[in-house]
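All chains are identified by letter, namely A, B, C and D, in their written order; residue positions are counted from 1 within each chain.
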């Protein structure tokens, strides 16, 4: 029903939604959570755009690629912000966002 | 297309999504944002359930009433948490959540 | 909390979600519903992108404008398809999609 | 970050979203698509509730179980409708919906 490339991207998006939500929740609980505002906001953005793209791919939307380009951009911004922080959850989230970006790029090439 | 009661509930849900998101953003920026974690989390829950219910009503889902009962419960929890805090955005959010609860109750009676 | 232009676009998106969902439901019930497949699919796409954009505006997402550009494109495709059909619900849906496009354009200029 | 039971349910929900969307698209293309209206509508409901639940689990929402109860009910209705039709996509969709129901039940027991 869905081609392998779609399935691969869906898995990457799901990993990314889990990692960004985890990072968001952990950032909220950090002592200096005020310093984590940008990270929290970008985690939330990233999670929402991944969710929108997941749904578009499942619907086999003719606009999925355009949404994937936007999602890729949001993942990149989230990864860059997370990389600034030493917290384990931020470093992990950055890594998963980079993987999701790669999955978006592969999807866009097909 | 949508009956008046549906339109009324949709407007209440929309107000509630705007108020909870505003409260969430302002809580993140407060000095003692660690103390606002429960408020931030319930704002987010409330916004998501309002969004889910709005979509269900627009779809004319046969399960909209069951979702409205759950949304009502989430609005109530959010209102109760917000009422604990003196911040203007929390007090305002609590008020709007209470109005949304009333809109859900009216919808459930029809 | 939200500026007037955001509120105006939210109202237009909501109208558009209601109209596209109504058109989708009515198309399904038409005698020649096979001929309405493209209309049904674009109604669904349009409704989903309007919903995604509504949430992005409420979140005050830094990516709302880029999503608005994509939503505008989907509304245009939906309006063009609906205009091909004489059904009252298609003609009405086309009209509302055109209004939503205008609201997106105004929002993008700000 | 997410416990194994959450991950298992997320995979089941994803399978179910893919199957219901496939069934919906195929039903639209059937010769007698008018006879498939109930199936199309329930496919759409099922997909939306699975998506709502997936997001709630990823958020680690305190209301995820209540939403899982509702999702279980929608999956059941979709499975029952799909079972009435001989189309391969309907029979497959029914099977996947039943699996998703089991995943919801396991999740609710934890």
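One rule holds for everything that comes next: contacts are C-beta pairs under 8 Å (C-beta built on N, C-alpha and C of every residue); 3 or more make two chains touch, one makes a residue touch a chain.
Remember, it's a predicted structure, so these values are computed and weren't measured experimentally.
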Pair exhibiting more inter-chain C-beta contacts, A-C or A-B: A-C
Centre-to-centre distance between chain B and chain A (centres being mean Cα positions), rounded to whole Å: 26
Touching two or more other chains - residues of chain C: 55, 59
Graph class of chain-chain contacts, one of line, ring, star, complete, other: complete
For the chain D and chain C complex, residues of the former touching the latter: 28-29, 31, 33-34, 37, 40-41
Footprint of chain B on chain D - complex, ascending: 44-45, 48-49, 52, 55-56, 59, 61-63, 66-67, 70, 73-74
Parts of chain C lying in touch with chain B, wherever the complex brings them together: 1-2, 10, 14, 17-19, 21-22, 25, 47, 51, 55, 58-60
